[in-house]
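Just below is one structure, and these are the notes that go with it.
Going by the order they are written in, the chains are A, B, C and D; count residues from 1 in each one.
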Amino acid sequence: MDGQSLPRNPLAYPPASPRRSLPFSSSRPPLHSSLLPYPDEVFIFLAPTAHPLRCLALWFPAAQPSAAPTYSRQRVAPPLLPSGYCGLVSSLRRLGWRPAAYCSSPPSRLRISLSHRRALVGSATGKRMVGLSEGEKRFIRGGIAQDLRTDGRQRLHYRPISVETGVIPQANGSARVRLGATDVIVSIKAELGKPHPLQPDKGKVAIFIDCSPTAAPMFEGRGGEELSTELSFALQRCLLGGRSGAGAGIDLSSLLIVEGKVCWDLYIDGLVVSSDGNLLDALAAAIKVALSNAGIPKVTVNLGASPNGQPDVDVSDEEFLQFDTSGVPVVVTLTKVGKHYIVDATSEEESQMSSAVSISVNRHGHICGLTKRGGAGLDPSVILDMISVAKHVGEQLMSLLDSEIAAAEASAEDQ
Amino acid sequence: MATNPSTYALSQSSDSKQRLQQRRGLFQETEWTRSDGRNFHQCRPAFLRTGAANAASGSAYAEFGATKVIVSVFGPRESKKAMMYSGTGRLNCNVSYTTFSTPVRGQGSDHKEYSSLLHKALEGAIILETFPKTTVDVFALVLESGGGDLPVIITCASLALADAGIMMYDLVASVSVSCFGRNLVIDPTSEEEACQDGTLMITCMPARNEVTQLTLTGEWTTAKINEAMELCLDACSKLAEIMRSCLKEAASGSS
Amino acid sequence: MAAGGGEGEDELVTPGELLGDSSGLIAGTGAYVAPNGRSIRASLAGIRCITPAQPDAADQRSTVEVVGHKAQGAVPQPGSVVIARVTKVMARMASADIMCVESKAVREKFTGIIRQQDVRATEIDKVDMYLSFHPGDIVRALVLSLGDARAYYLSTAKNELGVVSAQSIAGATMVPISWTEMQCPLTGQVEKRKVAKVD
Amino acid sequence: MEYLDSLTGFRLDGRRPNDMRQIRGEIGVVAKADGSALFEMGNTKVIAAVYGPREVQNKSQQVNNQALVRCEYSMANFSTGDRARRPKGDRRSTEISLVIRQTMETCILTHLMPRSQIDIFVQVLQADGGTRSACINAATLALADAGVPMCDIVTSCSAGYLSSTPLLDLNYIEDSAGGPDVTVGILAKMDKVTLLQMDAKLPIDIFENVMQLAIEGCKAIAQYIRGVLLENTKQLECCRGV
């Protein structure tokens, strides 16, 4: 599912356009209108495929300023081109540049419409983000300020999310969540273990996150270690609640078999396959879906065998009892860029973040965990404002995930 | 100004485990006094001193009740070879526990995330542009863990940075609060931390009234978060007063 | 919020304290303008001193500075003059350990390199590094730029920059006789260096 | 343990001795990578990502007349039956990284990209025997997706010899039965063997036809991979509207 929610545009290059972006970064000129003082006429040309520069915008003082701003996107024959510029345009044509748009006396704040810009920008950002140029950084900040981000979303709008369950047959429960280009897999394994001496009446849950080098070359060897531990602790803080177990998203006492002697040890393993920002939300959603897909085998205990030693437990591998995931919270990360904050930031937008707050919200609207990462200080009132926004967005995400889980279970039944 | 600590920490020996279960039941009722006699909204007496280690560019020693921490700051000095070029300065934090700091010997290793949390708390307050391409190293050592370790480490580290002459937007004060059912208990000891329902830790720049770090676990409603934040912010400003007087006394003492 | 306290001259401030308003004051070293653009706050712990603006200066506002009692360790900045000891001399550059920055000693050494084209201002392509520096020489140099991840870029392309003191093979401190030669007082042997004109 | 049902001649999982497991290849699974691919052989599932040719990280390893190929093989915590924390640098994954690097190095035209570096990262999502071969096939697909010039595509397959019949493409149970395990990697069109590994003992003539069986397997995989690449190129072309 390509998740291409934007209108298909005849001109648009697909995102997977010219396969090999050249080694040096394909920087594209910033089309942010605030740079254009008085744009009378704008001709936009698309580069020939192999050219490093993806597109070229030529500004002309219009021969005679036409009253109504005309804006055409089909194949353009510049009708009223000032004489001096005909030579330039025709020579561009010979070099393989194809005119893509013409706009005469555009409004002062020229913001080329999204679907079209996707044609310009879509293929222009190239695969590897080899450091953003100053123009691109301003382009991103400007977009967020106008509630119109580079890939067409509003500030509080998620990328297309796709969920699969049961991707790892050998695990008790597993899920794969794709959030735009971010792709994570979570697997849940239950093994028999001994409860913690301080909390004999509860099972144990351990969360380990691993950043695979396939996501980014810097995760090679021990490179991904620091980010992995940070993600693991943030998730533990959001899902396991206070030390006494109150407010835990996962009901630990349901993991108990024999108090003080035998319980289930739940190992939650996350793997980041491809990272394009917003890893924490994707992982939390994947954990929630994996838990709903998890089946803990039924257990029969015969205590009579050895009263003091380990009671022998036989695990039946037919009937499984489903996990109750209603209490599991979802994590919403609000990233502050400039004066506004956005949801589900891509890695480019995350590079522009001044601070980020990850808030985990459960079904009753209570906050089960909160982590403010990122440097710049925030006014306390802004944080409270963010919490209310996160609760509102959290509900939408929660309902979206529930429908995905239901759909996945339905498809699992009929297989 | 610096009162010597009067509280004692309940040792965690094995026979006290039953007392811990019994005490956990006790915490649930509404009115009870805390083990060291403080009321809910009273912090432990804070003892702060700068210039604790003369080998470092700047250092500080902090004692909050039973929690004793010493922080030394080195730098700004040359970054390690492997580092990439960076236009602004770099902060490198490391928190370590002595083996005898925790009641059960050797438990210090399960606070591995404190180093990155300390880094996130301080990076918002330091003006990194004033020492480009170099690194400031902050090494925190917990001599005794009496509960609420991270807030004490952050407060003491910010004092050490000021003592080292590193340019900062503001001092950084940090306070944590634990919640038991309905009531909020400020500046918890390790014994209270062991059976808390949830905790909220705020790190803020008191003069500019900005929060640089906030972590929260357990189940909270927005109203309770608001109340806890008010409590912590005003505790931070009181703590900042003590830090400023300690710095001024050190400055007037030595010059 | 901690107010700035009395107006007195030697008034102690700590980082974050309000020093004044940006309409009446300019932030000097040790102070900064808060992001809301109006208030000036201290960024160091130390004594606040206000120096009135020179009468002819365009901006009549006086500047506020905070003089730290324990100043931050010196850091080489582009444009600062440093004293360094040459550690290695190669065909195209010499590497040196920066020991003090503008009369303030650094706590730990910083690495700097003097490239062939930065040794002197004249005929820069015919410079022979081995005739300009020797390992162990004390050099006064100007920091050209922050350089790369490993070292700062230094330059000795001025008369008052270059070798300040050098040891001869015989072990005595040599005496400069011209801007390219130094002589050993014991053996009278002349060695080639890029000598700094020290008055 | 009877690996071959004497009556019907089927194996434990119902395959005939010279049947391969279900293979599936998918291109472009990691958006940020230059080239990436997923390869499945039965339950063994592997993802490969290629970054490069790019600047060499540590100059000491730089080769001035050809590209430096580096590879890292890592297994997910949940990839095998029992959940075990896998430290990064254990001996088995280092050895497999070396094998994959040497195999891919022969087929990449490294002299075309001097003083550059090509990183191949292989992540095993699920291990059910024959992970080494699946990694090499996935790496080939990812390199093709990344547009790295290769003289031929490398494919790999494993074969074994249990209850006196050569078996193609062993799964985990057959692999851990203690019998010999022959892993072959060949350049499909140029018919050259670039990887040959075997553990345990086999008489020469039996080894001969076990290896031949594995080479047949590699050829079949090569045909499948060519099909996948052709299909992907067609898709690219129609997207570009050429």
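We take it that a residue touches a chain if its C-beta (ideal position, glycine included) is under 8 Å from a C-beta of that chain, and two chains touch if they have at least 3 such contacts.
The structure presented is a predicted model; accordingly, all values stated were derived computationally and were not measured.
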Problem - Remaining touching clusters (ignoring subunit B, no chains moved) - result: A, D | C
Practice task
Average the CA atoms of each chain to get its centre, and name the chain whose centre is farthest from that of subunit D.
Solution key: C
Completion exercise
For the pair subunit B and subunit C, the C-alpha centroid-to-centroid distance in angstrom is 37
Fill in the blank from the handout: Note: subunit D sits from subunit C at a C-alpha centroid distance in Å of 58
Practice task
Quick one: report the Å distance separating subunit B from subunit D, using the average Cα coordinate of each chain.
Solution key: 52
Problem - Geometric centre distance via CA averages, subunit B-subunit A, whole Å - result: 33
Exercise for the section: At least two other chains touched by the same residue of subunit B: list those residues. Expected result: 169, 205, 208-209
Practice task
Using the contact definition from the top, classify how the chains connect: line, ring, star, complete or other.
Solution key: line
Completion exercise
Chain pairs that touch, by label, are A-B, A-D, B-C
Completion exercise
In the complex, the residues of subunit B that touch subunit C are 57-58, 74-79, 81, 83-85, 87, 127, 130-134, 162-171, 205-209, 237, 240-241, 243-244, 247-248, 251-252, 254-255
Practice task
Going by the contact rule at the top, pick out the subunit B residues touching subunit A in the complex.
Solution key: 17, 20, 24, 112-113, 116, 120, 123-125, 169, 179, 193-199, 204-205, 208-222, 225-226, 229, 233
Handout entry: subunit C to subunit B touching residues, read off their complex
Key = 1-2, 12, 14-18, 30, 32, 34, 41, 43-47, 68-73, 75, 107-111, 146, 148-150
Practice task
Would you tell me which residues of subunit A are touching subunit D in their complex?
Solution key: 13-14, 16-20, 23, 49, 127-129, 167-171, 174, 181, 183, 185, 187, 189, 191, 208, 210, 212-217, 220-222, 267, 269, 271, 273-276, 347
Fill in the blank from the handout: In the complex, subunit D touches subunit A at residues 28-34, 36, 43, 47-49, 51, 53-54, 72, 74, 76-78, 80-81, 83, 85, 88-89, 119, 121-123, 125-126, 145-147, 236, 239-240
